[in-house]
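Heads up, the next two complexes both have chain A, just with different partners, chain B and then chain C.
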Partner chain A sequence: MSIAVEPSAGPTTVTQARRERLAGVLQGYGAAIVLVLLAVVGSVAFPTFPTLSNFTNIVTQSSFPLIVAIGMTFVILTGGIDLSVGSVFALGGVLAAYGSSWGGIVGGLLLPLVVCGTVGVVQGFLVAYAKMAPFIVTLAGLLAVRGLVLAVTSGGSNTPLITDPALQALGQSHVAGVNSSVVIAIVGVIVGTVLLTRSRGGQSVLAVGGSESASTYMGLPVARVKFSVYVISGLCAGLAGTLNAAYSSSGVPTVGVGLELSAISAVVIGGTLLVGGRGSLIGTLAGVLLLSVIQNLINQVGSLSSSVQSVVSGVFLAIVVIFQTVLSRTQRL
Partner chain B sequence: MTTTTSSADQLPVLEARAVTKRFAGVTALDSVDFAVRPGESMALMGENGAGKSTLIKVLTGVYQPDDGDLLLSGASTRFAWPLDAQKAGVSTIYQEVNLIPLMSVAQNIFLGREPRNRIGLIDFRRMYTDARTLLDTYGIEVDVRRPLRSLALGIQQMVALARAVSINARVVIMDEPTSSLEAREVETLFSVVRLLRDQGIAIVYVSHRMDEIYRVCESVTVLRDGRVVQVGSLAEIPRVELVSLMLGRSVDRVQRSGATAFGATHSSDAPPVLVAADLSRKHQIDGIDIQIRPGEVVGLGGLLGSGRSETLKAMAGVMQLDRGSVTIDGKAVRSGSVPAAIRAGIVMLPEDRKVEGIVPNLSVRDNIVLAALPRLSRGGFTSRRNQDAVVDVFMKRLHIKASSPDQVVSELSGGNQQKVMIARWLAMNPKVLLLDEPTRGIDVGAKAEVQALIDELAGEGLAIVLVSSEVEEVVEGSARVIVLRDGSMGTELDGAEVTEQHLLAALAGAAEPMNSAPERPGEGR
Partner chain C sequence: MTQGTLTFSLPRRGAALAVLQRYGVYIAIAVLLLYNLFFTPNFFALDNFRTQFVQVVPVLIVALGMALVIGTEGIDLSVGGVMALAAAVIPLYIGYGLIPVVILVILVGAFIGLVNGSLVALVGVQPIVATLSLMVAGRGLALLIANGQLKSVTDPGILAVGRGDLAGVPFSVIIAVILVFGVALLVNRTTFGKQLMAVGGSRRAAELSGLPVKRILLLTYVLCSSLAAVAGVIGTARLGASVPSTLGNLIELSAITAVVVGGTPLTGGQVRVIGTVAGALLLQFISATLIKHNVPDAYSQITQAVIILLAVYIQRGRTATK
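The block that comes next holds the complex of A and B.
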């Protein structure tokens, strides 16, 4: 004779349900809202901020980390993490330069994508099939790939240049007034969003992040899904590195240090849960732009030293994470 | 009701032949035969640790049998993954709802096989329509776009069932599907189960609840210690015999032993060892007074959310108090400090064994000595010999069934895990033992053992506070019962007053008016 009464899992009151829904909206679109507010405030405060050339500059500079963050969003949505993207980004740039020197634009695209994709394949295999912790696997990837970059550039002293005109054009030409990388990044966001929300594979990504054990029991191909996101992330980081090298006409071996952290920050600021299961690429887009705008506004102030810039970014990130946590609790996630 | 009497002549849709499964030397299934026919509802029964879960996992492709065969409609088959079993039409409803809380009802039903339009994208409109049609079939009304987590557990369970059935299921395995459902939801579930059975779907039903088994099943397979001890029609097996088969005890002994294993209830005239006065914490408990004498078992009654667990946590130092004091033998215990409470001799067995109790990856030995380590070590180091002495004593005394002290505790059955937990706290030589639902989720036999142990410990002079949702456990186990009401003191029952009727009356008196909406514990007071 049990007298226990199970509490309902549902919202207790209408107000609570409304509060939860509001928190969900804030979590998803908070970054976009703050981005707009910040842009308005910045436009009022700094006359040099709301100019076409400044905005072009912001979106161009954001396009490379955005492509990296697209891949990162997929990884984080499964509850994983990819710390190797900064190193893979550098590798992509260096290999694009080498590849284009003998193979033109085909070699300049194929070589970095194949190698960076292979990095993703190895990491994905170790995480998904050998069931190793993503943090450790990709930390090892960060170190090993950075070492590889140094190895192929004589310890980083050699900066291979991109002279192939077609590859240069890919990185430097303009479409509708913006750099081609911006177009590629936007296309990436759109394609990724369609994949995530409208394809079976994308739904599986969200399901695996939402509950890995439930996904297993529901017969979803959990390992294949986890494997795929690391390959996607490797490809995205390699492509971003290639485009960045094409943009600057050189494969600089020291780029991308700490890029993994800003990519993760952007994804989390964009409302993707670090535990996985919920998030969007639109949010990631807003997150990347937000970080760039903050950086830009700090530059507008001019009097802040570069070390203080990091402090401001760090404090801002901390505030966002606290905010996200509060929102998650409000929604009882 | 049984429209499918002919099912016995049919070929089993799913069959296990001489299936054996071993884990690290322990044989979980020993040459088990199991078969279920179309339209048959087969109860799978046994104590915890009898091998039910293992058998289910073998049938659904989670585990591979070490030996023996699986047959699907007479043809030998092999499920390498759960997906293989699902594709073959074997679906499972688990005890805990195994769906994705953040996704919508419709997404959960169609995950992995969403309807797609011509260009391969998911057709959400059709998915919502199909989901609604499917749920309508079973009389479940719910907005299929709502995220699953916003629904009551009962509805979530129905969604899981709908998903399972819609995958062209030929066999549906239900593992304690009602353990988190309310009575009304159980009725809905049963009507769905009958509907499925009439459609010719085979049901394998696992439950500890006898009432349910006799209501929805026609035949039964009883497992004990990894072996099949009985297969047959439920109509020919009386309840008492079923219990005796599960326990491996003779029928007349089961009949004599009453509802619980408690002997005489323990009261005492000694001065109280623990005096808790005016325990209060905002929104949770308010002015709780409790005194316990050595050798006394005091029951703490109350409905869910009445503050039972919170009162225990306050006494054990787990919860910070706003007001009030706890004294042991007249000496005050610092509030809100677990180490202080343990030093004073107050220990607590938490309600949720898995989350707040055992460390699943540690061995039996490590789990037992965990709390006692400071006492067993000198200068921060501890000798294995000291540990072994303690572990040995408690493993024998509490009859902990493990292959060795080195066995990982998560491999033990629920009852044995609970005993490991009790051993951990007894190793601290406590004066007061606080038990929060000590027999929840463990099988009948282990339950009786734990109850007998509580009896024995009280007999040795330990002061015990018992929280249980089971009325007969509180009544038969306690000398006194303090009934809490909405976080504050309600009725106290003493001696002859401690009867089921009195307790129910006290609880009923403590309940909120029937028409008020149920509140979540700790909220909105």
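The block that comes next holds the complex of A and C.
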């Protein structure tokens, strides 16, 4: 029996291993592959697409959601979710404007980061130590922080301006031809990737997302890891909001509505599993760029309304998650 | 699950907590009503309660469907998109009369539910992402259908749904009461209700005991979206206008809050229909109280957030023991 089985088992495991590897590659780099394909198609179809100014435009517009999505990736890697980022993004912008009006660039950076970090601390505490569902905690955060934004801007009617030249320079200056926020976002991706792949803390993030009970048995500080990712997410969203406000010289209280959804979409499209334990910031980078390129291409057509864009993004997200679910099933076999 | 959970929640399991878990939402409503009796002029007027009940209807109907989905350990973010679709479809076909339009709108809702349910049950996508994609696509589609425009709805039949009454009771409230009874019967008195909660309690156990898990999940999402479509009809009827850009915006959050505050655990396996009604009413009374005392919208959002957290924190002990 066993003699008859063994030779046939050989080739099967080889093809299976190959299939699993292919599924892994598609899962991790699917977004990047589609991004390249879409860019090629776009360049052929629209002569105004492959221009330097358009590309600069795309990367600048992507940099703010990318910074938010970096924090979101950390949260999702632990199997959590952060719905509050859109509100925190707005809070960061408004507080940057207020902070810079009395404290210059130091106040303009410190105030939003401290407050948004505190939002992350509170949410992280409730999730990690009070053991409440991340979805509910950050949903409450979404409401409360937006309420806070309205409260400090007299109901959203007040748009504080940024007049501090140093903070304006931070948001509007160019480094190597691109906006400074692009540089900050890319540095964020690199630092985050090194942390995730090379540091003990980053590995703990992946382990907790992979299996919380196994991580507990291995003696990892599960609660502290979960707590930290919400603080990171709050800081990222606050920083993105600050940079966005510095870029546009004003802290608009209504920005960031629905940002949590595009950030989650980008992370998921980038190959990070929503159940946690697996994913990468490079994938998130590709996911954010992909959503921006889709939006840009729809704008290139011109005659299409912006509602087409929501339909396309929604359908695209559905297709991606179907693929991912099927792929991760193939890998587990 | 872990040692931390045990030591953290053991000393809290008192009788007072048990009472709070079971009756917290009703106690909160009673306290709020008492407060208003003494401190809010004109709160206890028939007209005011009529307004409150009419205003709560769309959220309540959406929350009923949401409670079913949450009972299966799922979530449905697409309900606002379904309401927008309903709003967009109504002016196109209102010429055929009220009943055909309502049936058509419910079919559109059911179709969205079928897509949600297929993604969740057949493909195995997590409910939050599956319904997220339809939340985005649904409203986009609605805006495409309506060309991004706001249209007034003048058909007397549909206006009656939103503004008419029967012996002083608004039609929309009557519809909501009928739906509450229908869903309560479905959950507590039918095999489907028991099966739904079995799936939410443990999908694996339900599968092993031979329940048609996929069919149950599909039907649950179809029911949720159909109810959202009804809420879309009532919302449009009340406004007298089709507003696909804003109708039902963020309603998923209010509906989830109502369900959770009403005592249905997010971990599935239980559905509290009357609790959901109480949860929706509590949220409505809170915002009404804040408005009547001229509290800015900003603070009412913060209050809502604190109430969600409190409710979930109180429920926490019960879900942990499950």
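As a working rule, the second predicted complex is superposed on the first by the 320 of 333 C-alpha atoms of A that agree within 3 Å, B and C clash if a C-alpha of one lies under 4 Å from a C-alpha of the other, contacts with A are read in each partner's own complex, and residues count from 1 in each chain.
In this text, a residue touches a chain if its C-beta (ideal position, glycine included) is under 8 Å from a C-beta of that chain, and two chains touch if they have at least 3 such contacts.
Not measured: the values here are computed from a predicted model.
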Which superposed partner A:176 touches (first chain B, second chain C, both, neither): neither
Partner chain(s) touched by A:216 [first = chain B, second = chain C, both, neither]: both
First (chain B), second (chain C), both or neither touched by A:132: second
Chain B versus chain C as contact partner of A:325, first or second or both or neither: second
Partner, of chain C and chain B, that touches more residues belonging to chain A: C
Touching partner for A:278 - first (chain B), second (chain C), both, neither: first
Overlap of chain C and chain B interfaces on chain A (superposed complexes): 213, 216
Residues of chain B that touch chain A when the two form their complex: 81-83, 86-87, 92, 94, 98-103, 107, 111-114, 116, 120-122, 124, 149-153, 156, 163, 180-182, 303-305, 469-472, 500, 507, 517-521, 523-524
Residue numbers on chain A that touch chain C, as the complex places them: 81, 126, 130-133, 135-137, 139-144, 146-151, 155-156, 212-213, 216, 222-223, 261, 264-265, 268, 274-275, 305, 307-315, 317-318, 321-322, 325-326, 329
Chain B-touching residues of chain A, taken from the complex the two chains share: 1-12, 17, 20, 194, 197-200, 203-204, 206-207, 210-211, 213-221, 277-278, 332-333
Chain C residues within the chain A interface of the complex: 1-2, 4-5, 8, 75, 119, 123-126, 128-130, 132-144, 147-148, 253, 256-257, 260, 266, 296-302, 304-306, 308-309, 312-313, 316, 320
